[in-house]
Amino acid sequence: MEQTTTMICAALDDIRAHKPLIHNITNYVVMNFTANVLLSIGASPVMAHAEEEVEEMAGIASALVLNIGTLSPPWIRAMKSAGEVASQRGIPVVLDPVGAGATRLRTETATTLLKKTRPTVVRGNASEILSLGVGNGSTKGVDSTRSVHDAVSFAAELAREHGSIIAITGPTDYVTDGQRSCTISNGHPFLGMVTGTGCAATTVVAAFCSAAPDPFLGTVAGLTVFGIAGELAARKASRPGSYKIALIDALNEIDGTHIGSLARIEENNNSE
Amino acid sequence: MEQTTTMICAALDDIRAHKPLIHNITNYVVMNFTANVLLSIGASPVMAHAEEEVEEMAGIASALVLNIGTLSPPWIRAMKSAGEVASQRGIPVVLDPVGAGATRLRTETATTLLKKTRPTVVRGNASEILSLGVGNGSTKGVDSTRSVHDAVSFAAELAREHGSIIAITGPTDYVTDGQRSCTISNGHPFLGMVTGTGCAATTVVAAFCSAAPDPFLGTVAGLTVFGIAGELAARKASRPGSYKIALIDALNEIDGTHIGSLARIEENNNSE
Amino acid sequence: MEQTTTMICAALDDIRAHKPLIHNITNYVVMNFTANVLLSIGASPVMAHAEEEVEEMAGIASALVLNIGTLSPPWIRAMKSAGEVASQRGIPVVLDPVGAGATRLRTETATTLLKKTRPTVVRGNASEILSLGVGNGSTKGVDSTRSVHDAVSFAAELAREHGSIIAITGPTDYVTDGQRSCTISNGHPFLGMVTGTGCAATTVVAAFCSAAPDPFLGTVAGLTVFGIAGELAARKASRPGSYKIALIDALNEIDGTHIGSLARIEENNNSE
């Protein structure tokens, strides 16, 4: 684990030194919040969704986020085009299947993006991840209604089938590439009081994937840093409005000492 | 009035216990804010506007908000489709005619939604409500430029004609179903310093309509709770940035003691 | 300079007294933030982008903002229509060429709007302004990657060619109408930690152009007030989340004393 926290600190330093451009095709609800989250951690956000420009933008970015939170057909086409360019260039693509399972449009879009774009990482709650396989998740809006444990057995299979890292977040986060797996017990219940904290975790994962040795470690790093920031914020604020502000502040404040003392990562295979 | 505050407290408890899913087809400006407002009060927000999915989403929601703040033709079609499903299912539909009277597109869309969707509740400022009847409101952007009193005489007529609760908000809020009526003198002038507080009141009304005995009481409950939260926030902050944060916090903090001591509701008919 | 600060204070008083309606066709990321910025300074924001209503909205506004931060073809058409009405009415039009130079769509849209709409003011960072002439800026997202000094020599030429005020913002802001020019050394590095502060400066410039004696002075006033607010905010907060809130608060708090004591404006020609 000390090796892992050292890697996380190095990736964080790298983000702050190089300010990687993270291209987000994301939902209207969280655009401002996730842009501020990326700036706070040290990355450079850009939000661009027009079919006429997403290929160029993905062509200069260090990572791409595809978030299906407020879908419409032109945006789906833009996600596919950007995803193709990103794959060709070998930059990380992180898919957030927001609300998959709640409507056919979301489930099908998420499934199609998974198959066609072959994202580097998929991050969702248990319901959303489950809906990617069986299409029968009972997602209630964008909240998690199925336990992480229900989805864990399915995630490794999904990871192997699609060659993607699968991350299931909740009280405990679970990350698998189909071989290696890892649980992260950071975070705070208050994160559930603020809209878009899942989306924010996704974009932080994208930033870390652009800086870490490999995307499995990048995903672990991003979720750990985001979770610890959630804990630091809870020391400052306990109501949703001020907690959101404290969370953005914490992503800026977080350093190696916080990571070294607070990270709770458990590797389930002896793969490191 | 004690009966009314008891009802409000019960509805608030119900929202916090059951976290009703509130489906919002709303404007880009306030999406993040109103989602956070709903989470803070205890409800579950979902924002979805694609014609391909709004019927399914309205099909699992406990209430629907139609807010015309940043209109475009596909969104108008989505509002009609979602409104139809919501009506069939009997869940509350709350219409916010943002800026009706300012442009023909807004006035016509609001009027059409009122006629075709027959919303359970319409909440607007005096200008917006007046524009629904005569189409000659002189709305200045989304601000109120006509007094509540000008619109009150018109609201009861409008309520009877369309079978909707009409709520006119301003320094004093006025709620009528065409028979019963009620004024609420909660709220704070600082609410005018923050964009989207009207839209936030609308979505809080939707949450309370899903939990109260009937939509008239739900509207009264939502506006009272939102207004009291505005007063609690003014104890903490007096500038617009920090006031907005304090308002979100207050919606989370508000409890039966606040409601019992601060509610200023006057029933104009002896209907309870 | 005392003459200039007196003009700025008068324009600020005028905004607070008359609450000019500022019509924004702007990007999704900053809509909520810039609406709150306008309310905080004392103006009335309206966000409207539908081709069906932008002409009417521009027809009742005191200034128009065209911000290309999240473009798509229907919005480009709406910008052209609104710009035409605004020009005919003689109200100020302020163009923010967000990310021009990063993609062909942005560079071409910005260039076309510059030529066809002949905006009163264009505000961008050095990269964005440079891309308007030569089309070869190496914009990295929406961040500035070229120094203000590189662009200054180009800006006067651009101003004369198009009859627009050109404002280049960065550590030092530079404003020119092709004859007169001016540097403003207000602002704070923390502004770079928050998304949309450039867009916010643009919309504040629009508000001041509606109130100042001429648009050159309006641009100087808007950038000075925004920069001083950035400094005031830095006295209250040093992390991005709370700094954003402090910035909105400061725009509400700022008064003649702050302006008189903190403005750092240097006029480069003896034109006043």
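As written, the chains take the letters A, B and C, and residue 1 is the first residue of each chain.
The criterion applied here is as follows: a residue touches a chain if its C-beta (ideal position, glycine included) is under 8 Å from a C-beta of that chain, and two chains touch if they have at least 3 such contacts.
All of these numbers come straight from a predicted model, not from anything done at the bench.
Report same or different for the subunit A and subunit B interface, where same means the shared residue numbers exceed half of all residue numbers found there.
On the two sides of the subunit B and subunit A interface, the residue numbers are mostly different, under half being shared.
Through what angle, between 0 and 180°, must subunit B be rotated so its C-alpha atoms fit those of subunit C, rounded to a multiple of 5?
That rotation is 120 degrees, given to the nearest 5.
Indicate the whole-number Å distance between the mean C-alpha point of subunit A and the mean C-alpha point of subunit B.
34
In subunit B, which residues are in touch with two or more of the other chains?
28, 32, 244-245, in rising order.
State the interface residues of subunit A toward subunit C in the complex, per the touch definition above.
These residues of subunit A touch subunit C: 19, 21, 28, 31-32, 35-36, 39-40, 44-50, 52-53, 56-57, 60, 74, 244-249, 252-253.
State the interface residues of subunit A toward subunit B in the complex, per the touch definition above.
For this pair, the touching residues of subunit A are 27-30, 32-33, 69-73, 99, 102-106, 140-143, 192-196, 239-242, 244-245.
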